[in-house]
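Note that the chains are named A, B, C and D in the order they appear, and that numbering of residues resets to 1 at the start of each chain.
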Amino acid sequence: MKQARSNKSDTKQQAKTSPSEERLKEAYKKRIGVYVCHCGGNISDYVDVEKVRQAVENEEGVFLTKTTMFACADSNQKEMVEDIAAQKLDGVVVASCSPKLHLLTFRAVTERAGLNKYNYVHANIREQVSWAHSDNKKGATEKAIKIVRSAIAKVRRSEALEPIKVEAAQAVAVIGAGVAGMKAAVKLAKSGVQVYLIEREFFVGGRVAQWDNLCVTDETGKELVTRLYDDVMSHKNVTLFTGAEVVEKSGSVGNFSLKVKVTPRYIRMQCNKGELQKAIDACPVEVPDKFNFNITKRKAIFHNYPSEYPQLPAIDIENCTRCGECEKVCSSIDFSQKPEYLNIKVGSILLATGFDPYEPQKGEFGYGEIDNVVTLPQFKRIVHYCSGDKLQFKGRDIHNIAYIYCVGSRQVNGENKYCSRYCCTSNIYTAIDAKKRFKDINNFHFNRGIRTYGKQEVLYDESSRMGDIYLQSFEDSPPKVEVIDGKTVVSINDILTQDKKLEVEADLVVLVTGMVPRKDNSIGSLLKVPKGRDKFFNEIHMKLRPVETVIDGITIAGAGQGPKNIVESMTSALAAATKSYTIVASGELALEPTIAKVSADDCEWCGKCDDACPYDAFTPKEINGKTVAVVNKSVCKGCGMCLPVCPSNAIQLTGLSDNEVESMIDALVERSPLPASP
Amino acid sequence: MNSGKVNNSVKILVFSTEKISDPAIDMAGLLKLHYPPTVYTITVPCSSAVKPRWIMHAFEQGFDGVFIAADGTDCPYGESCTEKTGKLVQETQDKMKELGMEPARLKMAAICSICSEPFVKHVKSFVETLNAKES
Amino acid sequence: MARINPGFTKELKSFGAFDVNACYNCGNCTAVCSLSDEDNSFPRKMVRLSVLGLDGELKTSLEPWLCYYCGECSTTCPRQAEPGELMMSLRRWLTAQYDWTGLSGLLYRSLTAVITAFLLLAAGVIWFASVQNFNPESLLHTGHYFEMLAIACVFAFILLPNIIRMWLLTVYSRHKKIPVKRYFSSLGELFVHMFTQKRTLGCDDSKTRWIEHLILVISYLALLFTTVFLDWFGTDNGFIIALGYIESAAIFVVTILFVAARLKKSTEVSKHSHPSDWMFVVWLSLMGLTAFVVRLFIDLNMLENNIWIYIVHLIILVQWALIIVPFGKWTHFLYRSFAMWFLKVVE
Amino acid sequence: MSEHKKILEYDVLVVGGGIAGGECALNLANLGFRVLLVEKDLTIGGKMIMLSKVFPTLDCSACITTPKVSEIARHPNITIFTGSEAKKVTKLAEHNFEAVVVKQPRYVNVEDCTGCQLCEEACPVSVTDQYQYGLVGRKAAYIPFSIASPRAAAIDIENCTLCGACERVCPTNCIDFTQTEEEYLVKVRSVVVATGFNLFDPLKIPRYGYGKFKNVITSMQMERQLAPTRPFNTILRPGDGKMPDNIAYVLCTGSRDKSVGNPICSQVCCMYSIKQAQLLMGALPMADVTIYYLHIRAFGKGFNEFYAQAQGMGVEFVKGKIGKITEKDNGNLILRYEDIEEGKVKEAEHDMVVLSVGLLANPEISSSFTNQKLELDPFNFVQQTDMLANPAKTSIDGVFVAGTASAPMDIPDSILSGGAASAQTISYLKQAMEK
């Protein structure tokens, strides 16, 4: 690093020195261009961009420094291309936002200018400087200078590299056969790739299968599921696994290997329908029916509803007592079936695992304590099971229904700070439906501000016009549910009526529960898909790459990413399918050339790198009479776990060599970047 | 250089990981959670890729502290990451002791992809510890 | 703690309100209303109480009488909940609440009842005329006495008790201890509003409406005075005769304008017409017209041969005096003025 | 079809070069389909490129749009026609559409223009700048705005006096007054409609005084004042150039309002107002910002947290719709509203009022379809005929819809919708290949 300082004044003096310095000198020959971005004020409001430019313009090898309003704008990109050609630049630094946003943008620019894209280094002076230190402009400017200097140090030593080309399996695993997953599967299959659709439950359709009329087309959930299922089954490119879970994953983008465990149904495929019904009738075990949110019971041999897809019941082996009653009446029962394990190879994984409805805590608005307090999903099933013109629950006629909104969403004390997006509309739609179907229904909506965004507003209007009553409170004074003289009474301080305390005697209290991430997140943990602040799967960038995750090759869709209604889930499923398809379409992928390199001179095969490597990328090989480690380029993922374990420091990681890292460190502690004011 | 002003200018080098802790540090900026500007990051693919010699180099060159923002269990390269990172930190600290350096100048904590607030808390308390050590 | 009664809007709808449930409580109506102020913010509050069915509170409210229905709130209502029409219906509903006989409510809600009552009264008058052998002199004479008697009785037995009931509900029930002196010191409000409808001037719409109303009220009260106390149909005094002509003509002209507006539905006010609104303007108009014609016939000495003109006038008069005045929209004029007085008293 | 029309062939015609159309075009082009992107305006990037920062992450809008726009502009599989409209679209058969695209003359040779702005300096004619939403003026020879794509001059022929000053100074001689309207006959296999939305015109609510009171502006005008390519270097009230210190936001201006014919919620106004409030508090630390709202629609990922953040920063939220606005002599404004929580009419004085205008449909495109009807929904947006299972499907097979052409939506949803439209278009095109 000392050179850096002395070189500042005079370059040509640095000629005859030691071999390692010779190498440095080589690096110093680079003609480097530095662009410092204002980001339209995002950076320049806190960082003195011009000072940064001045501070680095005399750095060794820097031939060009510019500030720009938007480095990423087309006009600046063009200018960069021209500069690189005109100034014969062979190293470029852009100091702007996080590399997560625009590293690829600028690599593409350098590539267009005929420069190797790995001779480009990105300096993050927005997320990690101007925004993080908006309270300290001087400190921010100093930090920005050092970061740009360390980027310059790195680019000096950068090498021209070629991406590693690998074959990509032209197959995609879609996990979750709800509506989003099925839609994505169909779309992918139609585009011409092999699709493995993996569903954990025995039946497809996910949450939508549980709903009746869907907002706003009035198509029922079953009908929509049927439509998508038919589409899925009609396509030869889709293989559907039900009762299946991914239990192991290896490999990475282009070549994921998944191990899928398929739980048996204990019923033979070719079976007699009449006998199966007898078997269901014969089963003596009764357990709460999860499909109906536990408001009804089902047998241990079950389907969710008649004509559920696939149209073959399953035996819930955890609850089955093996009493054998079913076997007596049905010849298709087969307890000898064993779980199967399948290995599949895919180029990309599309996660569409959906959501769980929020489960209120015991005593939350009387839930679990007062017997006529139910959740919205339960209410939908209650409405489903009521025939005729009377709405009944537990044998009692229902007239006054109190709906309490934002249960589990927008929590003041709880963890869920987010709005669940779909519940206002879903509840109002269900309330209208109930009012239309049943006699003498009065709906009372205890809300915190109705959020029927967009066209859904017309439902709010319709329900108001039908006489539904809306009562509103703020987050900090929620309504109360109490039993008074054997009657369930809901009361609220209504801000629409000058904070007057109002009450309703409710025959049924419906807790409008929001969406929460799936309780069982084993697939998320297995695939290492990061979660956001709301604990749902997180995309890379909401606007730039809204369906991709930081794990290359894994895309996300549907409500697993955050609350969404059906249309929004479908839209995201299609968008995610397009991304997954783009990954595998050409059958070939260009991967980052970041891999480990072993110096044969220094290596004395000890096997520690082999132990450390999670991918078995190292093999011992005889070279010039000694055993050294050799890296299998197509297997190495460039994680670097081998780096610290090598006793002879024989391993270097591309782009992160000792030389590069140490020179960056040097630049970061270098002299005070701001010249003392004269 | 090391003798520089004491007032809150302890220099910290953070090794953060591209996919896990980097997003969290970026988000700290997005949320305008402030921390001292003398905290610098170098991005590595996985926290278990940090070579002890880099850490030692940082101390030699004048960094007061090195913080490894580890992937924890979120590491996309494998479960072993945490353990390996822990081991390399341990070894480095041992070496530091040998050289008569304060091992507390090297710190490690798991920073998940949304751990912006924990990150800021960690670096702030790290700065305090280092300040206390220095004075 | 108040219990919500969602059925109440059904009752209000029978008094003419509609779509009031559509309200989403944005407060636009209250904000655009130039008569609404910090102390009396309406109509949204009234809409809200109606939707919730808190009729106890509505019954004791004076706000509905403070509205002069310019229609701005309804035109600009983002939900088309017709707050202006709700205020109108509330006035009808309140009239029914004040009325001890219960006939107001019945007549507002049932068109059949109204028509039956009108027909019965018409038949009664015709029967009475036939008993009098259609003698013009005695008919005019009894007609004149009937007017006096009717005014006295309607006022004494119906309007006065109803106003007392109104006072009990809106003033006494809420503010028990008000010094009597206050009633006297604020009495001016009553007369100013009764005769000038001053408050309408606060409305944003054109001043013509106020002038029309002013002309109508003055003409109506003057005609009442002219016929009852100056015995217009019986006098020979040229000045009185001329005065009567002007008054009746003014009534006729202004009411015809009103009818035309209601037919055209040109303004928000005239968009929705309840039967009681039609009846009020049409009968007032007919009163003016028939009174004018009767006096004209007297002056041209044609009444003797055309006594039916007078009988028609008498029928209209009787219907007016016995139905519209005690139970119909006429009372609004009275309650409104009293409301202004009461408001001043409770201030 | 007439002889002199130029005939072009593509796989897909994308109408509208905003963020949704752009995303869709890029997806298609990346998979090898040839796309013609037709944009009515002089630049692609739609409304998004005009915005300041975007909720809920507060990253700059230009940082997302400009790289996308330049990627689109560069893509070998995408041809862009700016200043052009798809006039007649005829479906001849499945996978066979014919469209007449009319390109208005720009009077500038885009290929030769370097964007040097000399013509701008030379032009003697000043008119109001539509790209700054009337806040400032521009010349008749002008570059739309600094990050426009293409960044090339154009002549506003309606206001041009044909004085020739620009021609004389242009170093590349790219100004060409002989250009005329050109018609192209475009043969494509599928069409994507991404024509976006129109902003509500607050002149329709006279009681808010927009156009009459100078310090009442629209949210888009405020957006321009906050944007990096802003007309002034700070936030000013147009009446007297004073820095405002007490700003009011009037939500639901033209949304959720049947009295102006738009019953639906515009979905973005709450959030963009909250965002602007946060930005204002950053730009003018002493300023008070009050948001008058009906219901805060903070429904998306991170939105509710963003709303809470604004409350924490001290943005005032008042429940109540503004009834009317009056102006004082000093240009300040009196807002009359009912404070719903208290149930009382109140009047508040602010020195600047921002009307958070809603999103309306832009139904013009439907009349371009000749032999089959592109159906619209009751609110004049393009009807999604199989909303639940195929959100981009329209009443015409092979015509897909993306972005706000089908409903009001925010930027992430528009981008996803662009992705969905491309997915359905690909399926449709693949179907043809199989045959």
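Points worth noting:
In this section, a contact is a pair of C-beta atoms (placed from the backbone, for glycine too) under 8 Å apart; a residue touches a chain by one contact, two chains touch by 3 or more.
Since we're looking at a predicted model, the values are computed, not measured.
Distances from each chain's CA mean to the overall CA mean are smallest for chain D. Each of A-B and A-D has its own count of C-beta contacts, and the greater count is at A-D.
Chain centres here are Cα means. That of chain A falls 29 Å from that of chain D.
Distance between chain B and chain C, defined via averaged C-alpha coordinates, is recorded as 84 Å.
The distance from the centre of chain B to the centre of chain D, with each centre set as the mean of the Cα atoms, comes to 45 Å.
Across the assembly, chain A contributes residues 450, 461, 496-498, 532-533 that each touch 2 or more other chains.
Multi-chain contact residues, meaning those touching two or more other chains, occur in chain C at positions 24-25, 45, 79. Listed for chain D are residues 57, 59, 256, 340, 343, each touching two or more other chains.
Those residues of chain C whose C-beta lies close enough to touch chain A in the complex are 1-4, 6, 9, 19, 21-25, 45, 48-49, 51-52, 79. On chain D, the positions that touch chain A within their shared complex are 27, 30-31, 53-54, 57, 59-60, 62-64, 66-67, 69-71, 73-74, 115, 146-147, 149, 151, 227-229, 256, 263-267, 295-305, 308, 319, 340-343, 377, 379, 381, 384, 387-392, 407-409, 411-413, 415-420, 422-424, 426-427, 430-431. Chain A contributes residues 442, 444, 450, 460-461, 464-470, 472, 491, 496-498, 500-505 to its touches with chain C in the complex. Considering their complex, residues 207, 252, 256-259, 294, 320-324, 336-340, 343-346 of chain D touch chain C.
Chain contact summary for the complex, chain B toward chain A: residues 1, 4, 11, 13, 19-20, 22-23, 25-30, 32-38, 40-46, 48-54, 57-58, 61-63, 73-78, 80-81, 84, 88, 112-114.
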